[in-house]
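Look at the two complexes coming up: subunit A is in both, with subunit B in one and subunit C in the other.
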Partner chain A sequence: MISRAVRAFGVLCLCPFVAVAQDTIPQGVRVGLTYDPSSRPGVFITAVGGPAGDSVRAILARDLDFGDRLTVISAEAGPPPTGAINYALYAKLTASAIVQASVTPQGSLHVAVHDVAGKRVLNVGDFAFGTAATYSSAWRMAVHRASDEVERWVTSTRGIAATRVLYVRDQRLYIVDSDGANLTPVGVGGTALSPAWHPTGRYVAYTQMADDGTHIVVRDIISGQGRRVPDLGGSNVTPAFSPDGSTLVYSAGDDGTDLYAVSPFGSEAPRRVTVGHGSPSSSPTFSPDGRKIAFTSGRLGHPEVYITDADGTNAELLTEKAAVEQPYRTDPDWSPDGRNVAFTSQEGPNLQVMMINVRDRKVRQLTGDARNENPSWAPDARHIVFTSTRSGAKQLWVLDTESGRTRQLTRGAGVARQAAWSPRMEQP
Partner chain B sequence: MHARIRSLALAALALSAVTTTACKKKPVLAPPPAPVVKPFNQDSANAAEAAKRAAAEAAAKAAADKAAAEAAARYAAAVAAAKASFATPVYFDYDKAEIRDDQKAALEAKLPIFQANADMRIRIAGNTDNRGSDEYNMVLGQKRAAEVKRYLVARGIDAGRIDVVSFGEERPAVAADTEDAWGKNRRDEFEIIAGANPFKLPGK
Partner chain C sequence: MRLLIAPAVILAAGACFATRNDVRTLQADIAVLQASAARAAHADTLQAVQLRQITQALAAVADSLRQASVTLQRFQGDVQMSMHSVSQQLLSIQELTGQSRKQVDALRAQLEARANEPVAAPTTVPPVAGAPAASATPGAPAPGPYQLMEMGRQQLARGASSAARAAFSDLLTQYPTSDLASEAQYWIAEAYASAGNAPEADSVFALVAEKYPTAERAPVAIYKRALALKVAGQTRQARLLFQQVLDKYPKSQEATLAAAMLRDLK
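Take a look at the complex of A and B:
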């Protein structure tokens, strides 16, 4: 039903936008406005009726702005519209779409999106607050889910507002919502590093550092229960989950380090994946189909990013040794659409964030201002979060790889680093 | 000995009391008393001898104690020096895990301590500076620890006596962003974790 309504809208729409092929959109289900990353369709959000309506409107507006696919038209909301929408009025405001929302007495956010050119309702949805208290973390997440659907209705690509970023501040784990709100410590004692999300968003894995070495812990962030996974003793670092959540791969070893795989919830011994012959390897990241792993290896005497089949065969160099003084490339993160691997590269005196296309190996430098490192892709395969010193001490920043627009995600005292962008949070 | 000294003192007190009372009674002229011939007192002679002996013994004991204390201090200093020598870090070049030639003497100096303390087990902790990737630094530190373990094993130390860990760039020796600090942070540290209490000095 959605796609039929939207196809009709696509025909009706006299949008001047150029069609851009995107692998994330299945063939035949192109929806909404024909989306061009270089021009962001205007969206007007009307006043939101019901309890905390002003806050809902502010969160929707910020989410759609941070999504970088729509231009939120800043104009006085006026009173919540009643009766028929005056489309001509919104057309004058350069709105391609109108978001009309209200908080219902039943405790949900009701959202309708209008196609201004088509003068009709494009789509309607309800987003339950459940038992969440107004302004609580779960309440905000319900609004974020509404934002993400609005973005999908209008641009055909779901937004990333209903996500979180897990990171390290002063050797402790924290989680912050994608809009920078709701900063929450993950109750972990001791030094915790290199956190990673389970694909369900319910578990995290991280490196726990103690005097006698480093271990891998998997923790349920809802119950708080943590468990050390089987390891080799000594050094065990940089865990990553497979896309189906059934495998945890991390770096371990006595003489040099290789990647090892275990069941994140089982007790069988780790099985070795890579064969580095005593060289250091770290930072695994799975391709979205789970069949390949990109990782850092020092097997050439300096770190470069390699790709191997998930069983350890067919390892090959991804980041070719470039003609630079300090060949040094690390911390790969495979994009959720499978097309690119973001990584850190030594460029002159600083580290910079780059991305490489897996198929044609074309490299793009994404940063250049101060020191930037350790990228992690958002579920939309378009935004990345990374560590930067551009504002002084290390903080997390978000970059839209299409437009180059950046925003600062974390602030405050201490050093923030090692960000991991969550999958979409489906549960309140 | 103490009991004898006490009874001597009591006797002296009693004598002086008698003399005092006699003087107060009659101011009559009397023939001068016959010179008192102090009888030889075997007890007091013994006491004096004992005191002399005690003093000599105390002096000898003090000298012995002093010598022992000095020896203990010398030994403690030697142990501390040996432990410090053992704990001397080994330093590395940027992004390298190979042992530098100028660091090998520090490793060689650790060998006699392994030999003197046959049950001693240690932990080598590899560390890095903070310039590269903090995740890669975890495994670079591990490689640095492993390289030094390999060196020590090649020099005859049982591999089972050496644990290796890495703290990457997370535990800097000097928290600063200077060449000097970086150089001091690219290091392996050596910690005795068991089997060296008491600590035996090499060659003793």
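Take a look at the complex of A and C:
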């Protein structure tokens, strides 16, 4: 661990986060921190001063641990440090960075991150709680945002703590924070399925079942207002927003389904996107640049994942037909970095989560334990939330696709499924 | 009055004096009538039987007709199912054909790459330090059309639209009669579109439809042009191009999309 940590903190650094600090460093001398993605540098979080300091420290520690890029050193924090930091002491604890935080009387979380090897302050930031009550959802989200910035300061990659997961439990919609806390029902009234996030994180779209069929509803999760998007009647399912939020694509039809595009907030008639000739097409997901759509289609006689231009032209098979008795590939989700598409695949008697590289079409199996399905990428393009029966009942789990580490996100009675990971929540 | 009563009395008295012979005649008449009635009753019974038989026969015919109707419906259903199955199989075959062609193209690209690999130098001659690599020699064979297509597509997937365009342009310049020429032209347009250069993309899409009207990408190119015009608010021109797709390439996938667009634009 020590050698890994030492390797992580080389003296050569071109990382962007030291650019500001370099103003005070004589030209020609390079001092700083180099993060090696294959290592998990140790981070020590000191005791947090101010109201609810213990909770803040616990949330920070959990967030950094769940980020899978840093190792949180578990040691007694003692009292909040005062005066100069004893870097040598923290170096003995294998810490590469120290997180020093306090809740200020002005209602914000003040965070400083120290570079142990450089014996200096790496970065400082304040995260406002605003009017949020202690322990409330907005208060927790402010702490999550601090965690994400700490991760960015140390690794150059922003964390995913300030995100949420929208999912279905017993035909009802729920939202849970990325750490599994703050479970909140989304009051949609009636049966809801296949939820999706608007890129702003303010709206969600989902399938609502009604007497005259299924409809797509877009709901403002702050005001609670919802509206049905224009459809062609019959069955309308699996909505997905374009990355700029201006288009909603969903599957519609009775005898065979196709994808249709519509403005989520307008009233124009839906525009046809796919031509399946009576075969089912569903589960669209946009590439991050919005130019392409991956979707499931049965045009080969069994479900496979295809890619098409967003205007409906140039549809081509993405997942190769495998030599298995019951080939089945569905539920694609395009990674936010555009490189991979995660999907569900039938492997033997079970369903498993796989990912395929869009460029070279190399497939990687991500799960193998029990039945796993319905993957959804986190904004860091590294973590995936999916449904699994590995704990006995269907629950949501989070997988780090780089290390293979998993954690259970949801618990409790009922079947949890169809998870959709939110974009980063920029507002409290 | 007395004159009228007298003949009536005579007539009434005459009736009372009917002979035995008259009674016998009357009895015979009654018997004849009874026999006739019996015959009529028998005839009615026969008719009833016949009616019953006819009814049963009609019921049997109705059953047969019903059975025939069910059989016909089943047959129609089977035919529809078969037609649907055939159309699905045709669709699958089309998809698989497209997939196979892509795989064949990839294999051809690999073969070209292998053919272009430099021949290993004789082991008896040691390599000269600082000498240029064999692949960098001026006489190194140029990449084939499938290799260039593969390179261009890969560059485009990486977002390197200029490099992609260069590869497709090389293909067009070096192999103008290749089967891939229309594809290269099309992907040059896509590379322009990817770089956000809409006017150039439009003109090259137009070139695809003009130079290669029978190419698979020709309806795609026209459809893309029509969409760009629609987005730009030039509805009339867009409608003309959508109609062109429908008229010239009625069996293409883009024709279905164009038909839907024309309906919306009305």
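Descriptive notes on the structure:
Going forward, the second predicted complex is superposed on the first by the 389 of 428 C-alpha atoms of A that agree within 3 Å, B and C clash if a C-alpha of one lies under 4 Å from a C-alpha of the other, contacts with A are read in each partner's own complex, and residues count from 1 in each chain.
Note that a contact is a pair of C-beta atoms (placed from the backbone, for glycine too) under 8 Å apart; a residue touches a chain by one contact, two chains touch by 3 or more.
Just so you know, these numbers come straight off a predicted model, no measurement behind them.
Model built by superposing both complexes on subunit A: subunit B and subunit C fit together without a clash. Put subunit B and subunit C next to each other and count what each touches on subunit A; the higher total goes to B. In the superposed model, A:V275 makes contact with subunit C only, not with subunit B.
Using the contact criterion defined above for the overlaid structures, shared-chain residue A:G213 touches subunit B, although it does not reach subunit C. Using the contact criterion defined above for the overlaid structures, shared-chain residue A:L317 touches subunit C, although it does not reach subunit B. By the touch criterion defined above, A:T330 reaches subunit B but does not reach subunit C. Of the two partner chains, subunit C is the only one that A:R359 touches; subunit B does not reach it.
Taking Cα centres throughout, subunit A sits at the apex of an angle toward subunit B and subunit C that amounts to 50 degrees, reported as a multiple of 10. In the superposition on chain A, contact of A:F265 is made with neither subunit B nor subunit C.
Of the two partner chains placed by the overlay, only subunit B lies in contact with A:G253; subunit C stays clear of it. Look at A:Y87: by the touch rule set out above, it reaches neither subunit B nor subunit C.
Our summary of the superposed model lists a minimum C-alpha distance of 5 Å between subunit B and subunit C.
For the contact definition in use here, the residues of subunit A common to its subunit B contact set and its subunit C contact set are 278-279.
Touching subunit C in their complex are the following residues of subunit A: 269, 271-272, 275, 277-279, 291, 299-301, 311-317, 320-321, 358-359. Against subunit A, the residues of subunit C that register as touching in their complex are 84, 87-89, 91-92, 95-96, 98-99, 102, 154, 157-158, 194, 220, 223-224, 227, 253-254, 256-257, 260-261, 264.
Those residues of subunit B lying in contact with subunit A across their complex are 95, 97, 123, 132-136, 138-143, 146, 149-150, 163-168, 170. Note for the complex: subunit A touches subunit B at residues 171, 191, 193-194, 207, 209, 212-214, 233-235, 237-238, 251, 253-257, 278-283, 296, 298, 302-303, 326, 328, 330-331, 344, 346, 351, 373-374, 417-418.
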